[in-house]
Amino acid sequence: MSPRLAAWAVLALVLTFLIGPFVIIILAGLSAGNSLAFPPQGISLQWYLKVFTIESFQASFGMSMFLAVFGTLAALGLGIPAAYGLNRYKVPGAETVRLVVSAPIIVPGIIVGLGLLRYLVIPTGIGITLALFLAHTALILPYAVRVVSASIENLRTDIEEAAVLLGCTRFGAFRKVVLPNIRGGVLAAFILGFVTSFNQVPVSLFLSGPGVRTLPVDMIAYMEINYDPSVAALSALLAFMSVAIVFAAEKFLGFSKYV
Amino acid sequence: MSDFLTLQDLTLAYGGTVAVDRLNLSIRQGELIALLGPSGCGKTTTMRSIAGLLTPKSGTIRLDGRDITRLAPSRREVGLVFQSYALFPHLTVFENVAFGLRLRREKDLDAKVRAGLATVGLSDFADRAPAALSGGQQQRVALARSLVMNPKVLLLDEPLSNLDARLRLEMRLELQRVQRETGVTMVFVTHDQAEALALADRIVVMRDGAIEQVGAPEEIWTAPASAFVADFVGFETILPDPETGGALAWRPAAVSLGHGPHTGAVRGVSFAGAAREYVLDTPLGVVKAETPASEPPLPLGAEVAFDLPRETAARLPGTL
Amino acid sequence: MFSSRAEGLALTLPAAVFAAALFLLPVGILLSEAFRTAEGGWTLMGYWEFFSSGRNQTVFLRSLKLAAEVTAVAAVIGYAAAYSIVTLPKTARGRVFGLVILPLMISPVARTYAWLVILGRTGFVNEALVSLGIVDSPLRILFTETAVFIGLLQLFLPLMVIALVSAMENMPRDAIPAARVLGANWAQVFLKVILPLTREGLVIGGTLVFTGSLTAYITPAILGGSKVLMLETLLYQRVTVANDFVSASVIAMILIVMSFSANLLLKRMATARRSRAAS
């Protein structure tokens, strides 16, 4: 076997293993029957349509969207200044700040979720939704800081000095000169944060209450009780959503160079 | 008209280290001043403090009768052309030049920007992105961006160092023309003595955070005030003068080769177009000399007689 | 212009305080629970009791074993895949690499759920086996270690491939042909050239796969159920079923210690590389 052929054979096997399952759930979701099976029993779009009518999915999808959008925005609100400060200033204890800000990536999410439930939600009585929002914000923070940092690092400091000499305030220079030039990085951080938050399970596991659940946690709960193709259809839809977001991001801003 | 920009007892520090120590300098309106010195001499630091990007530890900076020492950079009426030009990459050439004018909400913005671009010969490039311009063009945009603000002083950081040799000459003429036409006071920083000599009305030679000599180019060229300045402007042989207790300095061309009271061995020879340059090992130390290239070359290792005539030497006050 | 310490702190402190309050504080309290007695004193009994339970030992060892197995198999497949990718022409390389990364952006729940369809009693594999007459009745694959292993491997293999591809791209271009010309066979080329030159990539990929597998929740929850518990599913079960926060605290400590050591190892590798490059 020629080396070229061997390489393609290896890749075909690996890609089948990695991507094949998605093809199977897309098809399993197309089943006309009532239980999960592959190959599907007949072809219909009923399950793809049904997932939109399942009330708990509607609610948890809304919750996951809310967390992914606003959690990421909040994380950027904290993370952009932090990334800027860490890159431009000699911050006392910069290493500690970096470590603390990146802790959410290292600490397993399930522990964080449990800790927040037991020592924040229960004693203070704050709502589960607020706790989820705070937890997701903290979870995305490391990605926001890292991706935005990379963009700021690549930007020369003298354009800010030039802006200040031409009459800008410090904040004005940041808004008019820095921000427009790191827009790609900020957008990439938003997408990465959105996807991370939306797909996140362990942090949200303990942080659920009556009617308050994120979509992935809800899906796990649903599949423990039901054995129908609706979760397959929903999984396929979610996969399409992620793929579409990533493709659009890659096409319009070269996403991969930021991540 | 004198003393338009004065630096008085200016002390500048980076972190804990003093970069400039009690510097005093007066600049007249409309002058073109070069701050000349090797890297680390404090010339760039001095320039940044005039712009307000660095707050002095002590001392005062006055511009046109006003104390600007602690004034915000944007209120000093000082322009700065950065070494790397610092154009805003997300804005067109036009918007780069218009940036400061917009902040000031100036009227006739369009006309002023067009006039600024015309001054530097870039009228046709208004809609380009900075990245689409050559280095020389980018620098002229940076120049126009500062000039349209009508600064009282225009600072330029190593304005010629990022350009190739041909563009450098062109830019030199351009800067002189702009200065003639606008009459703006210019202070530029350079490590290249040839640049300073060619461009400046007066040269300020700096070393280790202090001024070594201030003078017209001719003065610096013919009468360096110290061995450091002499060495910096091409006096390569500097020897103590037993008669005065000071020192004498010769350029290679001022050393006569082939006759004289001293002898030395040729250690190196290099052809430099119009001349041939020699490095001689002599009992006095290393002597550098040159002969017209038309004369036959001396072989390496040859013993050669030479003279160090007093009348061709520059006299340096003080001991070595 | 950037010399003000106060400005620097004002910019970075909110993020740091937020992360500390939301992560370090609750996690810290949780970790301390296993060391507290009901009377408010200090004790190691929690740890002793946790590790003396046969079930807990099984889960602990199983988690380590599965994580190690997944890492080892991912490394083997990863080398084959990464080497195949770097030998491709440039455009094909980018596309294949993109396909390898793509699953990382997709919900792990969706990714794991696919295996339910494939490995279930009426799933793809069993249907095929039965209809081909290889087995009489469907095999039980789901809720076994094998199922969890397959799920974890699919989840984390891309991380290994990414790490190895970037390591191989940084290898001197002609290292392999040079070794071949000097008479090395393929095994020697791998052991003497590729492996030493990509060791850092292997460590990075290996750490990511190992910690990812060890701290996985979704895969063992869906494909292992209560029969094949791993550390995180055990933690969830102890809390929800038995309100056992001491076990939760011990498991949390195990997970954090493992994750932090892995990250420290990574950091040390990274700095070692930098200082070597500088010398």
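Going in written order, the chains are labelled A, B and C, and every chain counts its residues from 1.
Criterion: a contact is a pair of C-beta atoms (placed from the backbone, for glycine too) under 8 Å apart; a residue touches a chain by one contact, two chains touch by 3 or more.
Heads up on the chains, UniProt names are A, C = Putative spermidine/putrescine transport system permease protein; B = Putative spermidine/putrescine transport system ATP-binding protein.
What you see is a predicted model, and the numbers here were worked out from it, not measured in a lab.
Asks: What is the touch distance from chain A to chain B, in steps?
Replies: Each step joins two touching chains, and the minimum needed here is 1.
Asks: Please indicate which chain is farthest from chain A, where distance is taken between mean Cα coordinates of the chains.
Replies: B
Asks: Between which chains do we find the greatest number of C-beta pairs in contact?
Replies: A-C
Asks: Averaging the CA atoms per chain, pick out the one whose centre lands closest to the mean of every protein CA shown.
Replies: The chain sitting closest to the overall C-alpha centre is A.
Asks: Measuring from the mean C-alpha position of chain A to the mean C-alpha position of chain B, what distance in angstrom results?
Replies: Inter-chain centre distance comes to 54 Å.
Asks: Centroid of chain A to centroid of chain C, CA atoms only: how many Å?
Replies: It comes to 18 Å between the two C-alpha centres.
Asks: Please compute the C-alpha centroid of chain B, do the same for chain C, then give the distance between them in whole Å.
Replies: Distance between chain centres, rounded to whole Å: 59 Å.
Asks: If you look at chain C, which of its residues touch at least two other chains?
Replies: 1 - these are the residues of chain C that touch more than one other chain.
Asks: Send over the residues of chain B in touch with two or more other chains.
Replies: Correct list: 53.
Asks: Give me the residue numbers in chain A that touch at least two other chains, ranges are fine.
Replies: Those would be 161, 164.
Asks: Would you tell me which residues of chain C are touching chain A in their complex?
Replies: For this pair, the touching residues of chain C are 1-5, 7-16, 18-20, 22-27, 29-30, 77, 80-81, 83-85, 87-88, 96, 98-103, 105-111, 113-118, 120, 122-124, 127, 153-154, 157-158, 161, 215, 217-218, 221-222, 232, 235-236, 239, 245, 248, 252, 255-256, 259-260, 263.
Asks: How about chain A: which of its residues touch chain B in the complex?
Replies: Listed in rising order, the residues of chain A that touch chain B are 156, 158-159, 161-169, 172, 176-177, 180-181.
Asks: Per the contact definition, I'd like the list of chain A residues that touch chain C in the complex.
Replies: Per the stated touch rule, the residues are 3-4, 6-8, 10-11, 14-15, 17-19, 21-22, 24-25, 28, 35-39, 78-79, 81-82, 84-86, 88-92, 94, 96-97, 100-101, 103-104, 106-112, 114-116, 118-120, 134-135, 137-138, 141, 145, 157, 160-161, 164, 170, 195, 198-199, 201-202, 205-206, 216, 219-220, 223, 231-232, 234-236, 238-239, 242-243, 245-246, 250, 256.
Asks: For the complex, which residues does chain B have touching chain A?
Replies: Those residues of chain B that touch chain A are 51-53, 73-74, 78-80, 82, 84, 86-90, 99-100, 103-104, 142, 145, 149.
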